[in-house]
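Down below are the structures I want you to see.
Both of the next two complexes hold chain A, though its partner changes from chain B to chain C.
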Partner chain A sequence: MSKAADPTDTFRQEARELLEQLEQALLDLEQNPHDSDLVGSAFRALHTIKGSGAMFGFDEVAEFVHDFETAFDQVRKGKAEISPGLVTIALAAKDHIAQLIAEPGRHAAAGAPILEALRKILTASDTSMGEVAAGSVSDAGSSARTTWNIAFRLPEDALVLGTNPLLLLEELCALGTATVTARADRLPPIETMDPEASYLGWEVVLETDQGREAIEDVFIFLKDGMELTIAPVDVEESARAGPGPASSNGTPAAGRPARSAGSATPSGAKGNSSLRVPAERLDELMDRVGELVIAQARLSQIAAASDDASLKTVAEEIERLASGLRDTTMGIRMVPIGTLFGRFRRLVHDLSGELGKQVEFVTSGEETELDKTVIERLADPLVHIIRNSVDHGLENAQARATAGKATKGTVRLAAVHTGAEVAISISDDGAGLDAARIRQKAEEAGLIAPEARIADEDLYQLIFHPGFSTAREITSVSGRGVGMDVVKRTIESLRGAIDVASKPGEGTTVTLRLPLTLAIIEGMLVRVGKGRYSIPLSAVEECVELSASEADAAKGRNFLNIRGNLVPFLRLRELFRTQAPAELHQKVVIVSAGEQQVGLVVDQILGNSQTVIKSLSKLHADVETFSGATILGDGTVALILDVGHLVRFGQTFEERIRNSQIGRVA
Partner chain B sequence: MNAAAIETDSGRRREADAMQALTLGLQDEVFAIAASGVREILDVVPITRVPNARPFVEGLINVRGRVVPLADLRVMFGMERTPPGPDTRIVVIEIDLDGEPTLAAILADRVHDVTDIEAASIEDAPRVGMRWPPEYVTGIGKRGDDFIIIPDMGRIFGDEGGRSPSLESQERNDS
Partner chain C sequence: MSKTILTIDDSASIRQMVSLTLTGAGYTVIEAVDGADGLAKATSNPINAVLTDLNMPVKNGLDFIREFRAHPASTGVPIVFLSTESDDAMKAEARAAGATGWIVKPFKPDQLLAVVKKVAGA
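Here is the complex of A and B:
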């Protein structure tokens, strides 16, 4: 087996997820202050952190959470209302807990003011009665002594896994007065009995003033697999221990506690089992699959050249299997982008408070999946863009009122698949980009010549220039002009692109376009001169032949008429300065990136193949036409064309032609 | 330890008694690179040209499944770049690029041997009067009657000079 993980790492990881759960619950509570399930969810997270923290020696954490829980308990008991102020303090507490875990021994003092603030706000709202629903939180909402019938049975492997039922019983007894009965009805005959298995069940009649949650808390670590029923009884009936859950009064469904506890497992099971795998293992797996694909390409080539029928059959089979394996492996690394979106809710919440603007945060396309590494690297750029939207894009309440807009600004985050790309867009309904000011700033900075004619979309791209900022003031959040160029570089390093669209007075939309997969793609092989190049098949629209008239470049028209559309084309022979003689009948591969298309003129189209993408070293970082390299079946290296770059290059090409033509006419 | 680090740190070099180096021939000259940075020596394999790359790193080769850039030191030293012959070899080395260890390959018209070069015999490259750009030479050693040039790999691979203009900058110049 692999070497044992450091137990504190396990705790940290679990704590991270629990804190995430806590944060989401708190943010949701702000929108739905009377949702008792959310309160329960927040509490379970806190409680688990406290228990695990104590177990792993994070005493500061256990202590702080305990104090926090005690104070926050008012909410659970329905004695205090959830208010935005309370949520903010609770979020601060969550941050503090994260700090205590990250750097133990240094931040304990910071906890006191948070607890103080919490107490203050709770005493203020103590007079108001909460309408916390009587669901799973508290049966009677009062602290009168109630008698409960508790029946539980542990899963058979519980003892082996370290659970000690005696401790559970002790905890129950500590809650009040209890009578415990063991149920031996499931004991198997002694010959088949496993001494390490748990066969006993227990029934406890408990009289306590602590309420149902205290009882549920005893079993909080054992949710999965155990049987548990908790039911209140009338005092008269509690005389003799009932042989099962009492059905005296209209109690909430007996099986509910176990079920609801089960559905709130902090490990976030969505009903299917999942497995935690170190990321390096996935990377290793990807590498193996990549090598397999290369070897399989070689095999296919050999099989194609041979006469052996059985070899051909096997080679085909292996190609099919390799393709399937590739798809499955890629699928493993795909993670829904929703995991990122959750983080931003907190960001927008905090920004809204910090900048004094009311913001509504809407997301869509959470299920859209992206490669794990891509998602991780997207986090920072998205944070920057969202910050900009809220800080610069959205106007303050007054300005919005004047403009006839709703007081609450909207920031919309959406993710969608479009063919070979994923498009992630951030839109705001704010003031939009001020093209004139961008232009002015750019001219001041010497980035553009004063007379140059520049389209608005290109002007907007200038905001990604290092140090560029049209902000009149620097807030704590943005304005220093540092964020956006980092954003652009990060997106480009992911072989993606950024588009900016804006309507003055209406809002701005920033769209990030990213390639779907990083490692293995289907490629179309072409020959230009003596070299072979691969074009990502997902970008290829169609292939046509270059007719004689179109080939007549002397007329200066490098355009194709494709069903009425004018598509610019690039002669790769010229681009690559090929010396070898040209093919008589050249072919054009029409590729697209987003909305735009360009035709690539090549000598020959060689066919499709699976392509394992290998990155180019830093020594070739300056060559923008290629996004990577691949190894062909015969062992030689072929370069992979960067379609996005070529399309953009083709567009500027087209612009120049158009401008020069206009010049000629004028 | 890698080739670049050893050769640019002349102080440390002086401390060692000898530098273990792989000597190779480029045109008429003998060069030496630190043996510790050498990963393998291959016969010539098909070289893929990278259009619009700097002449120094115009090629890519396949080294056991990895795509490795092929550099031609003759470019940096202004030598004639004769096509590969029967003695031509490809030396795969590990160099430090911006702090990251990277595999790279260099063409050699012939490979001699691995030898020790006495530290004492290594002299600084003369500032003037030398055929080769002095900024690319760490020192000149002597072995018998032969002069051995010790190239500054860190400088050579890190150097931005000799770049061919990228497509777009060319466009800008044209318009």
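Here is the complex of A and C:
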């Protein structure tokens, strides 16, 4: 298949997963200290890391885990209780193991204090496991050449169960010089003979200098249930049935494997078959599917214009297949966000300890799937926002008590699909944002004019301004005002948006809205003047007609009444300053982003098509109205409308009109 | 013709080590990730020995041993299980289920080779 992987890479990857499993188990144990399944899970993870570590030369790891595991075994046996203190030390041990694996040879010293703390907290120190690693072959207590009489007989089912007497005899003969005689005295009559049973006995006269243990080793797997006598020729024998102690190679320390996914071959993990694929291959696949989709669109166009019925049929079939292929390929890159959530539990746990605040961390929507690259890039922003929530949002125990709140603050992390987007919200039940202080700071920094009327939501957006921080003190965790602007930029680079909502005294909610798919979407093609534009179909709610009379009546108050709801609309003709004559009957495409909607007034709706999103070049990166471009079947370019931006724009457009500012749309 | 060894373990690193060690010594290796996968492969491929772990998801080693032994394809095939500790109770149980031999973890490559050679020949 591919070139041989470095064996230690497989171990490292496996160890990473096992350490993750260990961490989750420890965090869960803190909430449920008596759950023996969790203890078992943690134990198995440790066991496997120790075993595999030893096999791949990570001796420090094996050694450390051995001691750690011994102590933990106390818990498994019910001799020690899980306490928050124990969990914290265990988590520190987990970090140490990760370090030992990442940088072998450099961190060994750091292990001792952890083990010490562990022992202290468990009081008993049961480090005498006794048997030492590095199994050696049976002591060569051998000396002179001795001659032995060896007689043995296997149990009747030995052959069926895989014992091969020839191999045993070969092994014996390899020890020295031997003569073998078979004994057939127990053969039953042929009518009752079972061809698969073992009836023969063997006598071997062996001259060897290897000693008795070497001979016993040959039969190490068979000691129970077989007849075996080993007697040196010159010594008076007392027939000893059963062999002496067999010395097994290897150490008693071992690992019980936990779950893991496979490498190059399809394998099972947690009941599902899964496969590891290098991310670049997925990207390649996506590109090819993208190109296929474009070509298929071209084919569909040609077929539509042609009279050839069989061509039309095939083109339709290919369109269906391409669509299916697109969906499947997009699906491959989707990963449940729950993988990220697990990381945060540790973060909150540590923050809670660091800042001395009790925090309850609640998550929901773990199954919500996002593109893998999006999830990876979300990690840091989310960490930042959660830090802020715990550090600045949640009040300390005293303040909370005064405010009549429960001592334990809650941070809630939720992910949910809404139409074309995924909304990830982080909310806390803390003190909320102080609009007045934000305003003050903003005015000081010259960001807003003192008399300007600014809605609270927009004020809150100022916290994303570089260098902006209303924190009275800088803690080690946050307050430097560096993070939030990076957060905003990261989210925007994912073509997403951030909303902030807050109620003083009650809490704050930060919501990240991200587009579901990055590369290929189903788009609705529309015409505005001479230009064609694509609107992500998943954002489209419905289409209505804007009759000429309605258009007139609405002048100045660009609202439509859709079943009782007032929906603002944007005339794209005006937005794009189209010169071409307008259609008599304009169409309105109602699109939504999150909770809000806007109607986009266009000349004509052309139909749906699969749209491969091509990014706009850096020159156009600041253009907010369009999120990208696509190549249509006939080779022309259509710009893709950024629904989120237009929806927000629609809202502010109305605000501006209300504030008696006539804005010329850009 | 080389002998074929089936290795069953849910740990990818152990499977890899076994595979490398044994193929380096001239054996052919088939890998399986759990007892169920192992059973399927053991009963549909001619094999000369099985090396199996005991603690695995989906189907554990003991169940694999029992079920494989109940199948005619297992006649004469030695089954070596990976012993987790010097756990005599476990060894006895595995033997009773039909295992032929064991190897104690962690094991070094040459220890593995010695055991495989012992039960299956070179």
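One rule holds for everything that comes next: the second predicted complex is superposed on the first by the 483 of 666 C-alpha atoms of A that agree within 3 Å, B and C clash if a C-alpha of one lies under 4 Å from a C-alpha of the other, contacts with A are read in each partner's own complex, and residues count from 1 in each chain.
Quick note on the criterion: contacts are C-beta pairs under 8 Å (C-beta built on N, C-alpha and C of every residue); 3 or more make two chains touch, one makes a residue touch a chain.
Quantities reported herein were computed from a predicted structural model and do not represent experimental measurements.
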A:S52 in the overlay: touching chain B, chain C, both, or neither? Say first, second, both or neither. second
Give one of first, second, both or neither to describe whether A:F576 is in contact with chain B, with chain C, with both, or with none. first
Of the two partners chain B and chain C, which one touches more residues belonging to chain A? C
First (chain B), second (chain C), both or neither: which does A:P104 touch? neither
Quick one: is A:G633 in contact with chain B, with chain C, with both, or with neither? Answer first, second, both or neither. neither
Taking the superposition on A as described, I'd like to know which of chain B and chain C A:G201 touches: first, second, both or neither. neither
Looking at the overlay, what does A:G85 touch: chain B (first), chain C (second), both, or neither? neither
Applying the touch criterion given at the start, work out whether A:F649 contacts chain B, chain C, both or neither, answering first, second, both or neither. first
Report for A:G176: first if it touches chain B alone, second if chain C alone, otherwise both or neither. neither
Hey, which residues of chain B end up touching chain A in the complex? 45-46, 48-54, 57, 60-62, 65-69, 71, 97-98, 100, 102-104, 157, 163, 166-168, 171, 175
Residue positions on chain A within touch of chain C in the complex are 5, 7, 10-11, 13-14, 44, 47-48, 50-52, 54-56, 62, 131, 135, 159-164, 166-167, 170-171, 196, 218, 220-221, 224, 248-263, 265, 267-271
For chain C, which residues are in contact with chain A within the complex? 9-14, 16-17, 20, 31, 33-34, 36-37, 49, 53-58, 69, 74-79, 82-86, 92, 95, 98-108, 111, 114, 118-121
Touching residues of chain A toward chain B in the complex: what are they? 291, 294, 530-531, 575-578, 614, 616-620, 622-626, 629-631, 635-639, 649, 652-653, 656
